[in-house]
Amino acid sequence: MTPQTSVETALPAVPLTVEGSSVLHQMMRFRRPAWRSLSAAARTEILEEAAGALGEMERAVEGRDPALSAADLTGPTAPAVRQSAVYSLLGHKGDLLFLHFRRTFEDLSRAQADLARLRLSDYLEPASSYLSVIELGLYESTAKVYGELAARGVEPHSPEWKRQIEEVLDRQRSAMAPRLFPRIPDARYLCFYPMDRRRGETANWYTESMADRQRMMHEHGLVGRRYAGEVRQIISGSIGFDDWEWGVDLFAEDPLVFKKLIYEMRFDRVSAVYALFGTFYVGVRARATDLGAILG
Amino acid sequence: MTPQTSVETALPAVPLTVEGSSVLHQMMRFRRPAWRSLSAAARTEILEEAAGALGEMERAVEGRDPALSAADLTGPTAPAVRQSAVYSLLGHKGDLLFLHFRRTFEDLSRAQADLARLRLSDYLEPASSYLSVIELGLYESTAKVYGELAARGVEPHSPEWKRQIEEVLDRQRSAMAPRLFPRIPDARYLCFYPMDRRRGETANWYTESMADRQRMMHEHGLVGRRYAGEVRQIISGSIGFDDWEWGVDLFAEDPLVFKKLIYEMRFDRVSAVYALFGTFYVGVRARATDLGAILG
Amino acid sequence: MTPQTSVETALPAVPLTVEGSSVLHQMMRFRRPAWRSLSAAARTEILEEAAGALGEMERAVEGRDPALSAADLTGPTAPAVRQSAVYSLLGHKGDLLFLHFRRTFEDLSRAQADLARLRLSDYLEPASSYLSVIELGLYESTAKVYGELAARGVEPHSPEWKRQIEEVLDRQRSAMAPRLFPRIPDARYLCFYPMDRRRGETANWYTESMADRQRMMHEHGLVGRRYAGEVRQIISGSIGFDDWEWGVDLFAEDPLVFKKLIYEMRFDRVSAVYALFGTFYVGVRARATDLGAILG
Amino acid sequence: MTPQTSVETALPAVPLTVEGSSVLHQMMRFRRPAWRSLSAAARTEILEEAAGALGEMERAVEGRDPALSAADLTGPTAPAVRQSAVYSLLGHKGDLLFLHFRRTFEDLSRAQADLARLRLSDYLEPASSYLSVIELGLYESTAKVYGELAARGVEPHSPEWKRQIEEVLDRQRSAMAPRLFPRIPDARYLCFYPMDRRRGETANWYTESMADRQRMMHEHGLVGRRYAGEVRQIISGSIGFDDWEWGVDLFAEDPLVFKKLIYEMRFDRVSAVYALFGTFYVGVRARATDLGAILG
Amino acid sequence: MTPQTSVETALPAVPLTVEGSSVLHQMMRFRRPAWRSLSAAARTEILEEAAGALGEMERAVEGRDPALSAADLTGPTAPAVRQSAVYSLLGHKGDLLFLHFRRTFEDLSRAQADLARLRLSDYLEPASSYLSVIELGLYESTAKVYGELAARGVEPHSPEWKRQIEEVLDRQRSAMAPRLFPRIPDARYLCFYPMDRRRGETANWYTESMADRQRMMHEHGLVGRRYAGEVRQIISGSIGFDDWEWGVDLFAEDPLVFKKLIYEMRFDRVSAVYALFGTFYVGVRARATDLGAILG
């Protein structure tokens, strides 16, 4: 073990983050042969039930699911948006992707159960899923507040330190509420993929200094900003929730933008050296009322 | 092979551990289409049988399963708690997670068989599982006792050495009995994941010195302590039992705490450099009586 | 993090690319036992429906699918070729491979849905797939134009820079239209595989200088040129679309050429050090009218 | 390529080994729903057939299967023990593990076929398996005999060399016959896992010198000896037979010993740096007559 | 990128190879429960059909399949042997392995289709497969001819160069025809596995010099020669055809020889440092007429 300088250990290495809506991606395969063995009448009935329920879910509603009991009143107090969307996937990784934005995991569990209860679910086989929470990383604020507290001699993790940090987080949560609890963007195309920051034996994101990480994230952000008008990006954190550290959702009218953006970013130092990517899913937005046409 | 100093080989490199309850996680998929093809009466009957059996299992009982024969009387003599719990999982990795705490593997085998005998099991498909034993690593005591024995010139693995070590372990087992044979915490959310210590070609936990490992584990423990009121952590060892070295169960009322704790720990040297993680499972605690509602 | 010279950061590291047709590979397993349980008459009927539809799809047609609504009018304005082809695969990775060239992802989604609607699809199980866009990398032009713009002092990403770059891309798109929107080559054999450029901890394509990458790609191209008469190669980009960065389709009359070409290239520096390969698929071209003979 | 000293190339690098019984592990999932759909009478009949056949197989018999024809008379001439055992597995990796010790692969093939012919096999789905041959590595003898032959100037692989080596092997085979052709230990618990010696880019077992390998194996053996009374270990070689290089079977009355032994060994240099582990299986010994109770 | 000497780039790095028969391995699982649900009469009929067809295929016939149309007349003109063989596999990776030697991929495709058309195929599920072409690497000839051409100043890839190389290849193809288009050896046991040459970040076969590769392959060959009387080895190349670079088939009367040979080779530099291995399959040769006995 190489010795660490006192500066390294003196200040926390963890960047501050603020969190918003809970997010569940559900990738489903459609059991077409079983579906086709149904009578036309049965199919119509099942589709009507599904279109009704999904039609409800795709409307963005502020607040929590009124069906949840008072005992479930945990989670953020901000007026989270409750909304789901369906995408028709390209390729064999699934036929439909259901995207749910909710206030808490309890609400997500409810959304998942509501979907499972539909008779259509007998014809949907879970292929994959992803559980995460919308997150904004605050590298700039972190560097600033850690520096100020250090300058004032406030001991990390002391009550005073915690109070100051909590104040910063509260300010950020208020200022960023619309980005923390967003509606699902209306774009025609979705690209979803999970990712990690590499912890290799020599290239290890988690042992880089805060200053280096901040600089690399800044450079990374500049690329994203160049695509601001063409693509909407929502990052969700999944450490402790799923098998990768973050989920990335990109929304665009033209899917070529996904390729351009991600290719350009791949040459950023933070992506080139430290990004590991999971499976990519690309889908076309569908409406509850299109379900019959999609499922043929 | 680089030569090793005599100090390295003189003292054992293995930290002492004490063990408690045997633990089995069973992740199950619910075969919903088959279930739905049953009559309402059949479903009610099956659910009643399951709720009855699981209701028994979810009560924490001290001692061993009275149904086990005298021949099975191996394992710890401490009054282990016998208890199971059910969690409703988020995502596609399973629908239900059954968590069993028992005195021995024989009792776990019995719990597994009892569950399999339920008619409900015809509608549950094993998706994954994890077999382990609750464990407390004693890096501080190890360093102390190894040092003392070395100072007194006691030869490692000699009868005197073993007697002294066994005394330390006995003291620790008594002192830590409540943590070694715990009840399943009551919290609403569970996060489970298995993990390894890296044995890379350059970064290798098992070739680090005892002193360095102890220091890193101490730093790691300090982070955990900051979350003491918000999350309950139970570590179980699975070397020789399952495909990863340890299993980690986190219990909390607010699942965001899982993310915060694990993210903060990821910057610890021991996690940043030496931790490798398996699949993450997140579930909401259910009661045997909720089973009907959950399975719809 | 090693410091980077200002030269490295002054010029963008991303090579220019131009894109053409959208491409979907669908690998399917044939459910032979279920198929054989059908009556001869049912099989004939299903095959006739399939042969008719696939016969339509295998004819190369310029322009977009007339069935797509005006709202779908995004994507390239060039007269893309709309064509599909079927291959009989060797080995267990699938029985049939459907290859679709279309103008946009929306058209691909339509092609996928059209195939799924055939009754034959009840006997086809998706085994794998690949989603990509035909791409030409312009390392030489990139080096030239980046150099010229730098010499003229044009700031990267400034409006002037973007205008100049867009001009280069437009010229290339026009000049290369036949290669960007090709027909599916007529060759008897297809070899398809996806690939990545390595981002290892020491050998990392994305941190190599533009000049080194250009030199290596040039050397790589020289090998390909030696096989020009024997094999036709179509590269498609899949960053942001699928799990590897590129898809490679090779078309030849003699499959031995696949081995010779790829083996020779494996000694190129760019392949030897930076290429990672996925699954290889080899198929024999079939015609819609052969389907009955192939499926037995 | 770094140059190699003449010493390195002068002496063979391969340690001598002697081999005994052929071993097959079969991990099976029990198809419980199909089983439960049978009438009680059918189940009783199937279980009786299975209990009869497995009862035969679990008795240790010396010599070869009399049903094998004279043409099959290859393999060791030693009076190999023919015996099978059944274990009830913990977790989802399988329900039953069948362990077969036989004289040759031909006998194993026969045992596998005999099991498959039982009607019970319609309710058993192969989940995994492992094929190997009991092996004793002779690092000490190897070093000794290679040294002696070198001292006497006997050319490696010359007829004289081969004669001398074959003599050593014959002596070892006789002396170790009971360990090469053992009965299946009677212990209540089994732990099975496959493993490799690492061939990493920097840490590579197969490029270490014979002397270093011998020293590390010796240290490794010392740990094992400390557990001699508590655990019985049978190593089988599987290079050329299965996907890992060795299989390890541990037999003990108390499964905690598996964890203690393997954890302690993990700090040995040979395990810490060079051991790679596959899937771990833990089972409780069952008797043919218990099958009805286990399968419920 | 480290600079390369002009010597390195002056001569091609690709060793010459000559190719022979096309090879397909098909690993199949036997669907025993479905099979057993057939009447004895149906099973007899299906087995007779299969035994007849496979009996035809297992006879070694020179020349091409007369059923193939004139349009398929590509591939080598040598009188390739057309032969198939069946092996009964040990373990869970499959029940039967079909090995096909044919003149071209078109013939293999035909063999695959012929097998699929048998009614027995409804009870065989493809578990795996491997597609390759018998290959002989000519490191010695390559070094010689490249050296001679360089000495004579013949420019690599010039028409003169190509003519000379083609002459060498033609001579080798004639001289080695029996090894390029062999019968399937009669041995009782088969061991099959695929392999790669490592392209690691530091140990990379494809960046080693021709001289070093030639030396390592020579050393490797010496080990093989020591087993000449006991094992027959057939190497087939699969770059561009399947997921590994080479397939290795070993044929022997005593399977222990597989372990001895491969273990000894593992200490060769070329294997120790550069070999990566896939799944190992071990089977016992069966005859078409044994099929009934094997499938029970």
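Read from first to last, the chains carry the letters A, B, C, D and E; within each, the first residue is number 1.
The rule we apply is simple: contacts are C-beta pairs under 8 Å (C-beta built on N, C-alpha and C of every residue); 3 or more make two chains touch, one makes a residue touch a chain.
No experiment lies behind these values; they were computed from the predicted model shown.
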Those chains which touch subunit E and also touch subunit D: none
Chain connectivity with subunit B absent, coordinates unchanged: one piece
Number of steps on the shortest touching-chain route linking subunit B and subunit C: 2
Fitting subunit A to subunit B on CA atoms, where both chains share a sequence, rotation angle to nearest 5 degrees: 70
Inter-chain centre distance, subunit B versus subunit D - centres from mean C-alpha coordinates, in Å: 29
Euclidean distance of C-alpha centroids - subunit A vs subunit E, Å: 47
Per-residue multi-chain contacts in subunit C, two or more chains: 201-202
Category of the chain touch graph - line, ring, star, complete, other: ring
Neighbour-by-neighbour ring order, given that subunit A leads and subunit C comes next: A, C, E, D, B
Touching residues (chain side subunit E, partner subunit C) in the complex: 1, 4, 12-14, 17, 19, 24, 26-27, 74-75, 105-106, 108-109, 112-113, 116-117, 119, 121-122, 126-131, 133, 157, 199, 201-202, 204, 206-207, 237-243
Sites on subunit D touched by subunit B in the complex: 32-33, 36, 88, 90-93, 188-189, 191, 200-203, 208, 212, 216, 226, 250, 253-256, 258-259, 261-264, 266-267, 269, 271-273, 275, 277, 279-280, 282, 284, 294, 296
